[in-house]
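Listed below are the structures to be examined.
You will see two complexes here that share chain A, one where it goes with chain B and one where it goes with chain C.
Right after this comes the complex of A and B.
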């Protein structure tokens, strides 16, 4: 469904959108998806590691290490995700100015890491709740009594065998969250948050594309529809760059929301 | 009523295909068989209690709807009773047990005092205190709930009149009862049977019932049928079970291990262990004032007995280091463990190396989402090659443990197969000490004999075994009197 929708949009853009603008839309979508997927992957790695670490430290009663890890996690949790990503962009700006980060790939990677730091605790929480639930089940004790290592039980038996569907569901939803965060912050930053934060040279994403002057005019043109509904024909032909960027964002978010919900229903993931 | 032909399928996959499911009017049918092969589901189908939404069901080659509409079926359903394996599923948490015991037609039965007195072994005061509570998951105990359901069934049985017909099912009615109560239940059933023109089906794994019925109630021989259900190439078959088969086998059992007490012990547990606010002590015989130290010698089997719900499993798990005791002194392979020790101490030197434990419920002791081959993964000292795994399985499985069996998900195995897999996993570790919690649970006679043969091999290798089991006939015969202990426990504090 998502592929079909984006495919139709690209077909339409191929016909009616000028080539440089169409290239920008494609590049923006590609960068956004790659960055979102990267953020999901990094969140899985960070979430898995921190979730398992929380569980093991608690099991082994390592109070100080547990408190330190909790402090870091709670500090991240206490900040709104958007603010965390914004802070990442401020740092990115400084790194670009200091010429430490130069290539577009490195800049995109930085954005990806920033988004994943903002969202990985959601994976960590899922992992902790799965481990907590399974800790009370008898097969865990039975395996321990047979000398099977705790690490094998956690990673292979609980998380891989019994939780991968829950994790996949979480990651699908997180992909939507990552795209939403990235587009929101890109939009805010590209419109111009302050004179200190202005990233005009970072790789193009759907958020920054939407914030460009052309796209903003395209979106503003939508208001004409209130006074002249027949203007819709002009919108879908003459204001395609902004409309395409907005469509890509909204359609992708809706689709991934529906995919996540559908997956949860089909796998009956509502229970523990 | 006559034997039924039952077929049940789910999404085209056959679950039950049995001809001659044993039910007969005026006969008490005792049905044995490994757990999970369809004994209960078949009984539920005959009693009209299966939810047909996701199943394709036929009884006597009729669709389920046609079968349930038959006049005779309606009569024996209305006059009968089903005592469920899990009694909580039957009881209404919003009504006291006493109200439920007198609900509907049960209020007309006059035999309640007799039934209650016998099921509570004369302790009517205790019964009265139980009957006035609302059933919740953990209160009353499983055994008390089972007795209440049995009392309902006996009341309903007393209402049957000549010429009427009723179908009574007791599904594992003695699973949570200790041996004395189990015997009382059987005696009660036998006393009510001639009075009622009913078909009575008793589904059980407890072969001790055979001994009680044949020794104590031989006069009933024509009214009792022993049957066994088993799987042949995925289809259920029912055959006659010869009581002599069991009685002969039990009488042939001899104490395992050497006759002389070895010099070295492997495990020693001091009386006075306190865990979860309960205090435990070990005695040699009932009423003994002197507490003993539970000692398990190398090459010998020690049998720990105790009433249902007393805490035998808790004691085993505490010895295994899974619970944190308030007080405990245990010596495992020469090393002393007390309440000061932490899980890591057991993890480093005990679990899977010096000592292992077979848990009571195989369903809960195995990862249901794993494949059979995965059950062998990560076991210390066991190379999980296909050949090794098949060799290990061959000890307790027949031809079924070949090739594709290793790739079967655990949840698709029958209860008996899971229990055997559960046992195999622990036994291949060849630890110095083996704790067994109800090792014969859910197994048929043939599988039980194989397990005992394996235990004998473990003992011959010098392992020490501590066993907890309700199968007193069997384990009393397998254990020397000096290796039998009785567990006593009492609640401390509020």
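Right after this comes the complex of A and C.
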């Protein structure tokens, strides 16, 4: 459904949107999706490692290490995700000015890492809850008695074999969160923080495309619909760059929310 | 002697442990942010002694160095206090003129940067902005909590009725018509099908609206509505960024999970009402959608609701954090002046990270306060249910 929707949008843009603007929309969507996918993958790696680490430290009663890790995790959890991502953008700003990071790919990679640091704890919490649930089951003790190593039980038996669906559901939902965070902070940064950094060097994403003057004018034009509903015909033909960027963001968020929901319902993932 | 409220008497050990953990988190973040702010101050270029000396002249009361008369009087005063040092006095006046030029034409001032960094004088302004932020946050969080329960309940009843999808409902009507047409002459139910299609369209538009980022909605309404007013901000925080939809979905999933449990079958056998028709004799009254206290009588939904509500309470921590994220995005993206998040954006823009740390810490306290409240509330409910 998402592919069909984006395909229809591109078909419409091909007909009514000028070529340079259409190229920008395509590039922005591509960069946003790649960054979102990268953030999800990194979150899985970080969340898996931290979740397993929490569990093992608790099992082995390493109180001080567990307490320290919990302290750091709770601090990250209590800081709003947008603030964490904003701090990452500030650091990116400094690295660009110091010419340590130059290429667009490196900048996009930095953004990806920043977003994944802000969201990986959700994966970690899912993994911890799955490990806690399985800890009480008898087959875990049976495997330990058979001499199977704890790490194999955790990584292969519990997480890979019995929790793949839960993790996949969480990752699908997290993709939407990553897209939302990245677009929002890109929008804020493009509007407020771009004084010292040339916009032409920062990779174009849906958020920064939406923050451009042309796109903001297109979104402002939507308010004409209140006084003149027939203006919708102009909106979908003349104000297409901003409307396309906004549509891509909203449609992606709605679709991935529905995909995550549908997947959870079909696999009956609600509850323990 | 008045008795303290029940929820404060005898805090459970698990709650005590969590409160200690929260306190440790506050101390940890405070120390980390303070350390960063102090290191920023230590690395910032220090004002030279000469600059401070010149500042003392510039801050003299009643002396306007732009006024030729004041300048002449000042020059004569210097000659009186430092006789025979004309060259020194001329150099001092020239240095004062240079300092005035730097003060009024520096790059910071061109960006609107009039402050010099963190000082206690900034605290009342930040405190007032934080109070406004908290007001919007608390009202929006309450709205999301009650809205999520109501929407989740509504969706669950529709699901039990088998009418969750309006498009599915219109397809069902068409199929029934085809089946009925085979046996007798019946009219095509145009009105019912058209109504369901319209409802489906409306639901799609509302879903799109609820998932739209706040800045898209606000910019779309910017020329029609005052987007910086408090009521609009609360409404925007409620309906945008997908917070309400996700919260209601979470509550709905909890009701569905409860519905699958064994006690529901036991309750059915014991003659509790299980009809989900609106306002039917043994069905669900519509008033459950707008009354705060749910009196559902001898209906199995009452137990599903109570159990789901208990499990929904801890989810408010995550929703609160996401709501704060949404509010910060709203204030920053719309450049609402005089608000906490816009102030944070400005401090980051001006490179005054010490002030930014103070603001970040205040936002952190709002989230942490929510977590403490939710944990205490959940513990109270847990003890009320006898766990």
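To be clear about the criterion, the second predicted complex is superposed on the first by the 264 of 272 C-alpha atoms of A that agree within 3 Å, B and C clash if a C-alpha of one lies under 4 Å from a C-alpha of the other, contacts with A are read in each partner's own complex, and residues count from 1 in each chain.
Here is the rule we use: a contact is a pair of C-beta atoms (placed from the backbone, for glycine too) under 8 Å apart; a residue touches a chain by one contact, two chains touch by 3 or more.
Being a predicted model, the structure only gives us computed values, none of them experimental.
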- Mind working out whether A:34 is in touch with chain B, chain C, both or neither, as first, second, both or neither? neither
- Message: Quick check for you: in the superposed arrangement, does A:109 touch first (chain B), second (chain C), both or neither?
- Response: neither
- May I ask you to decide whether A:145 touches chain B, chain C, both, or neither, giving the answer as first, second, both or neither? first
- Task: Name the contact category of A:137: first (chain B only), second (chain C only), both, or neither.
- Result: first
- Task: Would you check which partner chain A:161 touches, where first means chain B only, second means chain C only, and both and neither mean what they say?
- Result: first
- Counting only touches as set out at the top, which of chain B and chain C does A:59 meet: first, second, both, neither? first
- Query: Looking at chain A, does chain B or chain C touch a larger number of its residues?
  - Reply: C
- Seen from chain B, its contact residues with chain A in the complex are 317, 320, 322, 342-344, 347, 351-353, 355-357, 359, 361, 364-370, 374, 377-380, 422, 425-426, 429
- Task: Using the touch rule from the top, collect the residues of chain A that touch chain B in their complex.
- Result: 59-61, 137-139, 141-150, 152, 156-157, 161-162
- Message: Help me check something: in the complex, which residues belonging to chain C touch chain A?
- Response: 21-22, 24-25, 28-29, 32, 111, 207-208, 211-213, 215-216, 219-224, 241-242, 245-246, 249, 253-254, 256-257, 260, 321-322, 324-325, 328-329, 332-333, 335, 345, 348-349, 360, 363-364, 367-368, 371
- Write out the stretch or stretches of chain A touching chain C in their complex. 70-72, 74-75, 77-83, 86, 90, 176, 180-181, 183-185, 187-188, 191-193, 195, 210, 216, 219-220, 222-223, 226, 246, 249-250, 253-254, 257, 261, 264, 270-271
